[in-house]
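As structure tokens, here come the structures.
In the two complexes below, subunit A is the common chain; its partner is subunit B in one and subunit C in the other.
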Partner chain A sequence: MRSRITLLLKVAYARAYVRIKGGNREPSWVVWEILLPLLAVASVAYTYMILGAPREYIGFVVIGGAMISYWFNVIWGMGNALYWEKETGNLETFMITPAPLEGLLLGMALGGMFNTTLRALSIVLVGTMAFKASFNPSGLPAAFLIFVLTMVALYSLGMCIASIFLMYSRSGWRAAEVLQEPIMFLSGLYYPISIFPTLIQLLASSIPLTIGMDGIRRSLLLGYNLYDLRFHVISLSVMIPVLAYLAKRMLRYMELRAKVEGRLTLRWM
Partner chain B sequence: MAFMYSIETIELSRTFKRNKGRLIYALRDVNIKVRKGEIFGLLGPNGAGKTTLIRILATLLLPTSGKAYVLGYDVVGEANKVREVINVVSGGERSGYGIMTVKENLWYFTQLYGLSRRDGWRKVRELIELLGMEDFADIRLNRLSTGMIQKYNLARGLINDPKVLFLDEPTLGLDVEVAKYIRRLIRKLIKEDPERTIFLTTHYMAEAEELCDRIAIIHKGRIVALGSPEQLKKMICDELVYKLEVKGIYSKLGERLKEAGFSKAVSSKSDITTGLTSLRMVLSSEEEAEEVVKWLIGSGYKVISISKVEPSLEDVFLKLVGGKLSEE
Partner chain C sequence: MDVIKIARRAYAISWLSWLELSNWTNPLIFTIYVLIRPLFTLLLYAYIYVAFAISSGYSNPASAFYMVTGISFYNYIGSGIYGVAWVIHEEREHYRLLKYNYLAVPDLMFYLTSRGLIHYLIGLALSLVTLPIGLWLVSYDLSSLQVNLPLILINLILGYLWCTSLGIMVSAISLFSAEWGPLIAESTGGLLFLVGSVLFPAQSLPWWMQPLVNAIPMREWMELTRFALNPQYPIRADFLLQMEVIKTSLYLLCSFVFFKIMDKLVRMKGYLEATTEH
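On to the complex of A and B.
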């Protein structure tokens, strides 16, 4: 068991190394990953400023813009990782080694998080400097805890998406697309979900990103402490084992189905 | 663990569902036993089932029925143990990350086998030296030539020092010099570690004959012959192999001879530069050869030459399957 975990961590480190080192050899990522997302955040911030919205709304938008980067990384960086690995022939080579698939996905997640964090920090920095967004430093510990819990839950969800890509390849894109816009809408990217009817609020609260974003906003903008955010922490802590278990089962099941149906090595599908 | 064979398959079959639920047999009741230290060749045309067999043995695909063992481990129930002792190298493969260098890619693969970071880099240096890759070790993978890529692939295949190495068409598309080098390396690998087994698939007859201790010929998913190159050639020792040259380009001449009732073992090849069609036929007697010539002349063909030749593995294949590998 211990050697299996050690192997998983080594694989994750190696894959993250490839992702970070390889990714940064193409400097154009700065444009796609940082400058373009900044424009989206800026346009919403300007809209609120022109409408004369309270200053907190700018901070709201900045946190939303920063957090949504992680969701995109989960879907497109981690979720379809196995699709790209398969298309490039790397999955076949990977699958003949004793390395666990979870290690590969964890590595993709960690590697992707590096660039995503730069993107998120740029958004926060520009938001603070250019749009005068202000944050409450006393909320940092609570925000950090909620951020970590949200990431674990999100990346477990990413593993579920990855297993769909493993089995259905290109068709898995539809599943990922279904998870993109509706989640942007439901998570309250640029607005508080309290504007939704109760039923939709309940539905939105089943998404870890919604809870995480709300918790971080409350801590950094309104100064809530950990006790005030206990329901956020509990909700995320319950979601994590459920999603992690589901991810592991889905991955094993899809791997087995792919081996039965011969899809593991099938490309261009 | 005591085991008798490096690879053993028992009634191994694999089907695929195609359009409208039609079943295609990629492998049908395959029984092979490969001994330790052997270079075992699997010879067959494209689509014969060679790669399917390797994929099952490499735990990438599940069999529909039957059993398969690698070093005594069940490829279905003990996949992880199998993966620790095998590796696979395919001709024309491009696994790895194009934006990373050869060295970096090899190091990445060392980590998949759990080597420590330091041991990983040491292994990379050893492999670069073994395969003479010093000149391009720091070049990105997406900038390598086909020959360099195949050396890199072989290095990757040796990263875990596999006890069973599957080589799937390892010289496919390579120029003569690189192909020669790879064949030399294959022999060296066995010489250095007599416990190692190499399972080689190829559709180059000469390569199989030169390298393999034993060869299985696979056709439409079935093993149709198995033995050493000499044993296989003895299968046609009672027959005669003739080579004929006919003036003109006749792509269907082989088929016409079969239709005319002569040997089923006929292959033909036309060469537009010389304007000749060459035939290779496995015949039962000199009289039958005379009849073939008579038939050709009577049908309006101009026979340039006829000669009796030494049987080769190509002729064994011709007799068993009824065509050349490249015609299949």
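On to the complex of A and C.
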């Protein structure tokens, strides 16, 4: 048991190292990855300013822009990564080594989280300076706790998505595309989800990003403390083990099916 | 010039584009896939107006019309630019087909122009689907629309020409970089969204962005589309149309010259088949 955990952590470290090193080796690339989401943030911030919306909406947009980059990292950097490994022929190498897939995905998650945090912080910094968004520093501890819980839940969800890519290739790629805009809308990227009809609010609340984004905004923009945000903390804490268990089961199931159907080395389909 | 031969080539390339886009699934799932993203994009941005209306307590039909038409018709340009600018990266990195297509259709510029066609058609269909839904969502009176069909058609053709020219210039740059290809393609779409009067008037952007706003015909295209849907929309249509025609002509010329130079250079340097294995 102990050697299995050691192996898992070693694999995770090795994969995270490659991801961090590879993701930051080209500084101009990093700058670009910060500027690209800022184009969307700027579009919405200007729209709110022209409409004359309340000032805190600008803060909503900046936090939303930073947080959504984690979702993109989950679907493209983690879920989709197995598709790329398959396309480039690395997946079969991974599969014949004793390295556990969970370790590989954990490494991708940790490395991706680190890289995305650098970019998300830059988005917040540039967004705050450019659009004069103001935040409440007293809400930082609560925001940090909710952020950590959100990340664990979100990347567990990412592992579930990654398992789909083991089985499917091009259709999985398309599924990842389809997961962008609906989640952007349902997570309340640019506004509080309280403006949605009740049914959509309920649906949106099943997504960890929605709860996390709402909690972080309430703490950093409206000054809520941890007690006020207890339902956010509880919801995310419940989601984590459920999603982690689901990820493990799905990964095993999809791996088995992919092996049986001979899809692990199948490319361009 | 053998027009029939050119048309058959364009058809064959468009057919390839269509198959690449759609043959991974059945027609029903493909239709759902195509519709989901623009519909949720519409909801995402239309709810900005809804959020504003709820927080301020009053409605602004002019802003609602502006935003919804912008989001809906951005599908045409967004889908088109993606269809052209993404080809180099996709063919070279994903499917390793660029060299074969280069041999089969030696005129890469013609190939790119034809590859984009189907994306424009899908974009147009999505614009037409999302427009009434969006206007209904923001409670805009649909009966106040008076569609100027000739102007819409002229504007769509002009849009195809300048946007494809822009896509060709972007593709020419991405010929040199396997690594930057997706970023270049994505950021061009994002830039058009920001400076193209899609959600808000581009004149509101800072002064240092105005040269960029004026350099791209997107603002004229978007404003003329709004005018073609509603003649009460307050713009100088004649002037904007003239500007769009002039800019489109310049884009056509520039893209042709630029692509020819880059095409020659990339072959000289041997970058045509460079991949990153990223």
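The rule we apply is simple: the second predicted complex is superposed on the first by the 264 of 269 C-alpha atoms of A that agree within 3 Å, B and C clash if a C-alpha of one lies under 4 Å from a C-alpha of the other, contacts with A are read in each partner's own complex, and residues count from 1 in each chain.
The rule we apply is simple: a residue touches a chain if its C-beta (ideal position, glycine included) is under 8 Å from a C-beta of that chain, and two chains touch if they have at least 3 such contacts.
Model, not experiment: these values are computed from the prediction.
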Once the structures are superposed on A, label A:T47 by its partner contacts, choosing first (subunit B), second (subunit C), both or neither. second
Quick check for you: in the superposed arrangement, does A:P182 touch first (subunit B), second (subunit C), both or neither? second
Just to be sure I read the superposition right, which of the two partners does A:T88 touch: subunit B = first, subunit C = second, or both, or neither? both
Quick check for you: in the superposed arrangement, does A:V260 touch first (subunit B), second (subunit C), both or neither? first
Answer with first, second, both or neither: which of subunit B and subunit C does A:L246 touch in the superposed model? neither
Between subunit B (first) and subunit C (second), which does A:Y57 come into contact with in this model arrangement: first, second, both, or neither? second
Just subunit B (first), just subunit C (second), both, or neither: which does A:V18 touch? first
Greater residue coverage of subunit A in the superposed arrangement, subunit B or subunit C: C
In the superposed arrangement, which partner chain does A:E26 touch: subunit B (first), subunit C (second), both, or neither? both
Between subunit B and subunit C, whom does A:L226 touch in the aligned arrangement: first, second, both, or neither? neither
Output the subunit A positions appearing in both contact lists, the one against subunit B and the one against subunit C. 26, 88
Which residues of subunit A touch subunit B once you look at their complex with the stated criterion? 3, 6-7, 10-11, 13-15, 17-18, 21-22, 25-26, 88-90, 92-99, 256, 259-260, 262, 264-265
Touching residues of subunit A toward subunit C in the complex: what are they? 26, 29, 32-33, 35-36, 39-40, 42-44, 46-54, 57, 84, 87-88, 170-171, 174, 177-178, 180-182, 184-185, 189-192, 195-196, 268-269
List the residues on subunit B that touch subunit A in their complex, please. 16, 55, 58-62, 80, 83-84, 86-88, 93-97, 99-100, 104, 107-109, 111-114, 156, 160
Okay, in this complex, where on subunit C does subunit A touch? 24-25, 33, 36-38, 40-41, 43-45, 47-52, 54-56, 60, 63, 67, 94-95, 179-180, 183, 186-187, 190-191, 193-194, 198-201, 204-205, 277-278
